[in-house]
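Here the structure comes first, spelled out in structure tokens, and everything after it is commentary.
Should a chain be cited, it is by its letter among A, B, C, D, E, F and G, assigned in written order, with residues numbered from 1 in that chain.
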Amino acid sequence: MNLLMALVIGVLYGAGTYMILRPSLVRMVMGFGLYSNATNLLLIVIGGWTAETGAPFVGDDGRGHGLMDPLPPDIILTAIVISFATGALLLTICYRVYLDHETDNPELLPVDESADLPHLMVTAQREDRAGIVADDRHA
Amino acid sequence: MMLSPTASLPTLVFIPFVGAFLALCMGRIAGHKTGYLMVLSALASFILAAMLYAGLDPAAPVVCAAEWLPGVDVNFRLRGDGFGLFFALLVSGIGTLVGIYSLSYVHLSDNRRVARYYAALIAFMGAMLGLALADDLVLLFVFWEITSITSFLLIGFWYDQEIGRKGALMALQVTVGGGLAMMAGFVVIGAITGSYSISELAADPSLREKLVAAGMLTPALLLCLGGALTKSAQMPFHFWLPKAMVAPTPVSTYLHAATMVMAGVFLVGRLLPILGDSPAWTPILTTVGLVTFFLGAYQSLREFDLKAILAYATVSTLGLLMMLYGLKAADQDVLQIWSHGAYKGTLFLVAGIVEHATHTRDLRKLGGLRKVMPITFGVCLLGAISMSGLPPFFGFLAKEAFYAQLLHGEVLHGQPVLQWTIIVLSVLANAFIFAVACKLVFGVFFGPPAEDVDAVDHHAHEAGIGLWGPAAVLGLVALGMGLAYPITSQMVNGMSSDPHAHVHVSLIPHDIGPVAMSAVTVLLGIGIYLMRRPINRLQDALAIIPPMYKFWDWLMAGITAVSVTFSRQWQNGSLRWYFSGVLLFACVLVTAALNRADFLRHDIIVKPHDLYWPAVAISGMLIFAALILVRAQVRLTAALASTAIGFLVALLFVIYRSPDILLTQLLIETVSTIFILLVLFFMPRFSRDVVAPPVRLVRLIVSILVGFTMATMVFLCTLPELRTEDNLGLGYLERSLSEGFGRNAVNVIIVDMRAIDTTGEITVLVVVGMAVFGLLRTRRHKA
Amino acid sequence: MRMLILPLLIPFFTAIVLALCNGWRRTEKFISLLSCLGLTAFVFWLLYYVDNHGIQSTAIGGWAAPYGIAFVADRLTTIMLCLSMGVGTLVLIYTFWTVTETQQKYFFYPFFQIVLLGVNWSFITGDMFNLFVGYEVMLIGSYGMMMVGASRAQVRQTMKYIAINALGATFFVAGIGLLYATVGTLNMADLSQRTALLTGDRAALVTAVSMMLMVVFAMKAGAFPVFFWLPDSYPIVPAGVIGFFAGLLTKVGVYSLLRVYLVVFRQDGHQFALQTLLILSGFTMVLGVMGAMCQWEIRKILSWHIISQVGYMVMGVGLASSSNPVVARMAIAGTIFYIVHHIVVKSSLFLIGGIAEHVVGTQELKKMGGLLDLSPVSAGMFLIAAFSLAGMPPFSGFLSKFVLIRAAVEGHNWIVLTAALVTSFLTLYSMSKIWSYAFWGHKVRETPAHSYRWLMVPTSVLVIFTVGMGLFGQPFLRLAGDAADEIMNPAAYINSVLGPVSSVDPVGAVGPMSPVSIDAPTLIAPDVGIDAAPEMLKPQASGLTTQASGLTLQAVGVMEVMP
Amino acid sequence: MIMRGVHLVIFVAIFIKALVQSNIQVAITVLSPTMRIRPGFIALPLRVKTDFEITSLANTITLTPGTIAVHVTNDRKTMVIHALDIGADPDALRKDIQSSMEDRILKWTRPASKRPPESK
Amino acid sequence: MPLIAEIMIAVCLVIGTFFTVVTGIGLLRLPDIFCRMHAAGKAGTLGVVMVIIGAIIFFAMDHPNVAFRGLLAIFFQFLTTPAATHLLARASYVREYPVSERTQVDEMRSHMPSRPDLPFGEE
Amino acid sequence: MYEMSPWFYYVCMTCLAAMIVSGVMVLYRLRIGPAASDRAIALDCLATCFMGIICILSIVWQSILFFDAVWLLTLVGFMGSAAVARYLEKGRVF
Amino acid sequence: MTPHPDGPELDSPGDKSSLPGSPGGPPGSPGELLRSPVLQTVSRAAVPVTIIVSLIIFNQGHNLPGGGFIGGVLAAAAGAMHLMAFGVEGAARWNWWKLSVLGLLISIMTGTVPFLLGEAFMNHTELHPHLPLIGSFHVPTAAFYDAGVYLIVVGMLMTIFVELGLENRE
């Protein structure tokens, strides 16, 4: 079983890698989704598996023998939520980046971050005062 | 109020720092009067040093020690021995004169700038005093670097001019670069011997034996020389000194003629008893010193800028001193330093006066000032004669002693070829110096002024006593010390770094050798002076090698070019490259670690009974779905394949009996799909992969490597032999109901046992919500 | 000690209250300041307390470790907390005059608290997975701060920053999972006592797992070759905040390297990780400074210098691989000292850079000039901070480099020593470049563009600190040395978390051993005898022998390595 | 009111029967080697009015033999359905749907007074 | 568990599985998107409902709340699956996904007045 | 826990296998499309298959813990399909 | 335009400048097509049921699968269904992120109360309140914590839904 799962996890990581290395922001986000899934599988796999293992719900006796280790699911739950939240933020930002630069190819984005660095405090304050906010989209 | 000797040591070091601080604070109001702080603090230090010298017991010098950084064996230890006090007297004495000179010399409208100038100058003096008296290598280094910093600020006095900035930067970089090596050398010494105390190291042979035993004697020497040779402007690191001449003349006089450049020499003197046993000592120092001595003098004749001439002459003398230490003739170090300080100080100050009066330093434009500036002329003569080594001046004493050392020195004994090489070159160098002295005196004060400089006729005037006074004092020292040679002899022998020094210092020769060499020197010098124009042409013809500073510039430009390439290529903004780098790094690290044990001997056998066939089927579907995603050219296909993968993973969670994450996964995948669809609306279609085939190949290789590495790790870590059964799982289960009041152990862990994890997780959620809100709202408001 | 939750609880409540006060600009600033000052006072008291009373720990929720999550405050942790809160408060004050209305409206101050929260969290937690959570909280706050204002460049660079950190998070979680599979626990103290017993294949596997985690920590620290994110993202961080980011965020990575590779991983052959770090550190130093050499913007130059400076700290961690405990101790103490120095100095440099921007309205060196005349005090502060960064005496930078170089010399690591010296030289080169272009030269304007008086207040505190730390370094060195002792001898740490008798008995094949005897092999590596360098070791030897014989558990306090 | 309840029960029963029928029919179609289908889009004039009725009808049509509801025009007078096999006469299908589905829905959704006349 | 219960459950499972398989085959075999929706919307529904009923029976004795969940699932199934089919079918028509050439009549076209103004290009 | 009849167990396992086969076919449709709606339908059917699989596994394991996933999948499948339909029809989901 | 390997691209909404602004839209406009009584009716039925079920799921979490997070996502999914049927304008009137901040406050307070009472932070226990009508029952304080989580998830997801839904809607 662990060889099988190692194979699956390897494929998922490999596929995720392939996706994040492609020149498309949406694909990148999906690649991270694959990573997240692969990691979750990895975590559940390390909990161990036998055909007889039960779910981690203890009976009235409160004993835990023969049940699945509950810690990996706990870790997964936290990790899944965090990666989901990060992914949502990343996706929103990717959308914003596309609107700004009209490309979703990260390789085509401007390299020099100072080229359109408007937040230089001085500039920003001036524009703030004037009521218009620094939007340099077509600068 | 009388200070005890122990207390006056640190006091004389700290007075200037207090003065510098005061100068900074009051400068804005006091303006040029800040200079009096310089004079006062220098004078105070001088008096204290003189008092200490008066009470000096050579066998047991005053020591002031305090714990500073006991954790790293570094202590605040000052020691007032003869050599240190000599240096302190030199520094504070010339400091007083330079302070007085500056009062008349420095005129600026910007009070703050003047204040900064004096503050740096006073702080420099303090650092030099500390350096002279420090008995701890690290403390010495601290003061050493403070002199570098203050020197940097002083050279950059004309910081609104490119040339001023460049000169300052070069001086800083070269001297600090050497200083770093020196620090490493000190650390080596301290780490191996366990002591940084100079006197202790010099006195205790067992400490030095440790260095020898560790084989670190020569490396430590080489590292330390890195500092000494750069600071003292030895070839090939001499080039910063002429460039530093952009500084105001008081600075050049004080730092770059009399004191700071002597710090390297001083250090070598301090190190001689510690590292002198190294077989590299004599060859290196003698060679470097000799070359510098000769080439400095040689180059000096080539120059026409007054300060450049003096700078190269200084370089030359510094070489001479290094050579003397190389020959282990430490007994005449004070003699040479002192005589040089006196005449070179005089000449620099005179150069400043001349520049002040004529607004030029170019010998070719100067001339005939004898009549306009008679006092200056007189003072200049004092310095120049001493420099040329004619009796009865101090310079003569020094040169005689030097020649005597060459003829009778122990180190050269029995090596006639080497000895004669050194003698010939030395005589030649001194002849050049002689010619330079002539050139100075005749070039500035005799002959007609150049036609295009009307300054000479119209504006040139005799300087005030504030300017020539200090120069005259130094010049008189050069004369007086020569005349009073018995006292001189006593003093220079008493203050030498060699406790057993007994150099014969006398105007009356007792040995024909040195006198003959002096005669040859003078004759040669006259000859060179007379032939100076053809010699200059010859020098121009011989100058094939570019000046050293160009090499330095090239070196820095080369480093910058590498840097440009590196930052463009490495930090190229390409996410693809960043990801690949991180991933490959991970693969390499993990593989390297795995290679350290032979994991292959664990049998990799698929045990069919261990496989759960639905898991096999689901895994197959999962891999298939992953391939769909990877191959998808249409965005919606990719989004749906992602969702399918999520569902399939959820199904594996069923196999692994984890209902909580099953539900979570299903919901999360659905919500993710909705997000993706929401965003896809705005995004462009997937473009065809337009990357070049090599990029594709690399991408494929990286993917396979990552997949393989992760699979290997998972496989190994879940192998029954390697996975641990002794984990926390059972403990959690058993505590779930009894202490957590819940049957769902996972949930009990989430909300109770490890609730702080969950707290972080929900914080992330909240912040993401706010961040998305902020991001989209900010831009929508702008639109 | 229940109070250990306060470094989290206070930023938490502050962030919530600030979010709810959204729109009341003055109130937000006031509350932020109040909270930061209060917490700063607390953590400094905590440092004092821990220094005098030993390691403190608390079980969150009353669940005893290793099941519950323990928060542990040893000297290293409290030092880091003091730094984060001290620098955080100063930067907060600085931002009062730099934050724009838009930035404040879109949660600048709540996010600031979240970053503080995450940083404190990462420092104080005693659980590997909780460390991950702390990282994520810190990161998410930093994402928020980085793009607050949402300019093109900010959004774009934040995207890259998030993406790279997402990669790191993947390895982090995967590494934690594999760690749990092989060692069976997540609590750092428990891990420490369990890994110390590991040998053979399992030890080698745990080493491999530790290498996977190293990617994350090295990335966070900004070490070679995974510092990609740093020079790209720091230049877009809002003014002022950059001082905090530059100082603190990478140091969380360095802290983790110290904690994880010296306390958590003690299995047979764990030095491999440290040796790897040593190799990486050389590249980090040199390449970091090489990157800075060709830059023409203050922020970029300083950002690249973070990398090279991190190289020094990583070098310290790597030098701790030495089999000579004196060297290892000096390396760790040097690293801690360096962390303190660097946080203070780098923050102050960025803050001065902000002032310079305020005065001349640009960050580009070629458009600057004459700052020495325009703003002499900030010029003076820059001079001090820059020379301190370059390791010039008498400032803190000199002392920190000195200690590390001494450790390198004593460990005979000549190559990395050379790299350190070269880096130091090139650092000076580019610092003097900034000075020469920005502070010297012709005035580019007659008067300062904006008033900057208040910005000087927090900045000067940092600058004064670096001078003080250089001149009066002994208390810091002493503290760093004691912290190093705690790290080298985790027995006290383990006892504090798990109690004198471990709640989880190391069972199975390895056989029962008491935590005390576990420490012996790492304290004195078998190949280093006391007689290897008798004189050098003399003062320490007695303390160490006491340790090795396992006579006393509370040896941390007893051991006086420094003479 | 009671009658409407009865009609609802009848409707559910008939609906279940139709559901099973439709499934079997689809199964036969899918599994038959030749797959004889005559798909088509057919417009169905509507008498149901409210959202609820329209939705009930649409869902019922979709779940029952060979038809799915594709579209409801904005005037709510017509529903377009897709049939897997429209047979020879589309009008027969239309009438069938109206009588078997629409009428029965109306019977339990509305009181008799408000009901439109049943289809012929 | 009585034999009769096992038999009933088995029958439910078999029927449910049968229709699920039919869904799969139908999805592969049917000629166009609209026809495939018939398979998905109908066979899928009945198939899964039968399986759920089987499960409800299985757990009826010990866990009555499973019946609640099962009925909830069936309710949702009847509520949502046809609606989803309906929405997708219309979207497919709007996007002009190719219709099988066997299609006899298309009365849809005339009921989509705004069709020429479709916001999407022919992609 | 009760001991289930062997034939019943085998019926369950056979059904499980058939369900998985159905899932594979559905997944294949997800692969080949061609229309986006095809894929959406396929995903919906995949969810349906999973409901079946989970039900059968619940019976085999005699565990009710996974049963919530069944009705959740109904909802989830609908959400996905509806979102895709809205996306195809209007571009925007909301 | 190069043909795709998967045939013509069938998923792209193409030129979005001419897209309808909101569901429905004036008669004759493309948006008119999109009016959907079916979706609206289904969501009228499904949304309340889902929300109730989400509360059940939330409530059962301590002993069965479920809990605040799952319940919250479920409720947010119901919200998404509502948005799909009725558009975002109504929901956009509220600042959903404030709900998540409120949730965070509740969660943290749950941990802080025992801390202020002198116990460890987040030391959960069981409460046994006695209410009229309902009688005595026991609640683990962890449930309050979970309730905070529920609100956070709803607030955060709805924020993103609404904000993304509002994008590009003049």
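Quick note on the criterion: a residue touches a chain if its C-beta (ideal position, glycine included) is under 8 Å from a C-beta of that chain, and two chains touch if they have at least 3 such contacts.
These numbers come from a predicted model, not from an experiment.
Common neighbours of chain E and chain G, listed by label, are D, F. Between chain D and chain G the centroid-to-centroid distance comes to 34 Å (mean Cα coordinates, whole Å).
The geometric centre of chain F is 24 Å away from that of chain G, both derived from CA atoms. Chain B and chain F have Cα centroids separated by 71 Å.
Under the contact definition stated at the top, the residues of chain B that touch 2 or more other chains are 573, 575, 579, 583, 634-637, 659-660, 662-664, 667-668, 670-671, 674-675, 678-682, 710, 714, 717-718, 723, 725, 727-728, 732, 743-744, 750, 752, 754-758, 760-761, 763-765, 768, 770-773, 775-779.
In chain G, 6, 9-13, 16, 19-20, 32-33, 36, 38-39, 42, 46, 53, 57, 63-66, 69, 74, 77, 80, 97, 101, 104, 108, 111, 121-122, 124, 156, 160-161, 163-165, 167 are the positions where the chain touches two or more neighbouring chains simultaneously. The set of chain F residues that touch two or more partner chains comprises 23-24, 33, 35-36, 40, 42, 65-66, 68, 71-72, 75-76, 78-79, 82-84, 86-89, 91-94.
Inter-chain contacts, as defined above, occur between A-B, A-C, A-F, A-G, B-C, B-F, B-G, C-G, D-E, D-G, E-F, E-G, F-G. Taken together, the chain D residues at the contact with chain E in this complex read 19-20, 22-23, 26-27, 29-31, 35, 37-43, 55, 58-64, 66, 68-71, 73, 78, 80, 82, 84, 86, 90. Those residues of chain C lying in contact with chain A across their complex are 98, 100-103, 129, 132-133, 136, 140, 143, 147, 149-160, 162-163, 165-167, 169-170, 173-174, 176-178, 180-181, 186, 232-233, 235-236, 238-240, 297, 300, 354, 357-358, 361-364, 449-450.
For chain C in complex with chain G, the residues that touch the partner chain are 2, 5, 9, 12-13, 16, 19-20, 58-62. Within the complex formed with chain D, the chain E residues making contact are 18-19, 22, 25-26, 29-32, 34-35, 37-39, 41-43, 45-47, 78-79, 81-83, 85-86, 89-90, 93, 99-100, 102-112. Chain F meets chain A in the complex at residues 63, 65-66.
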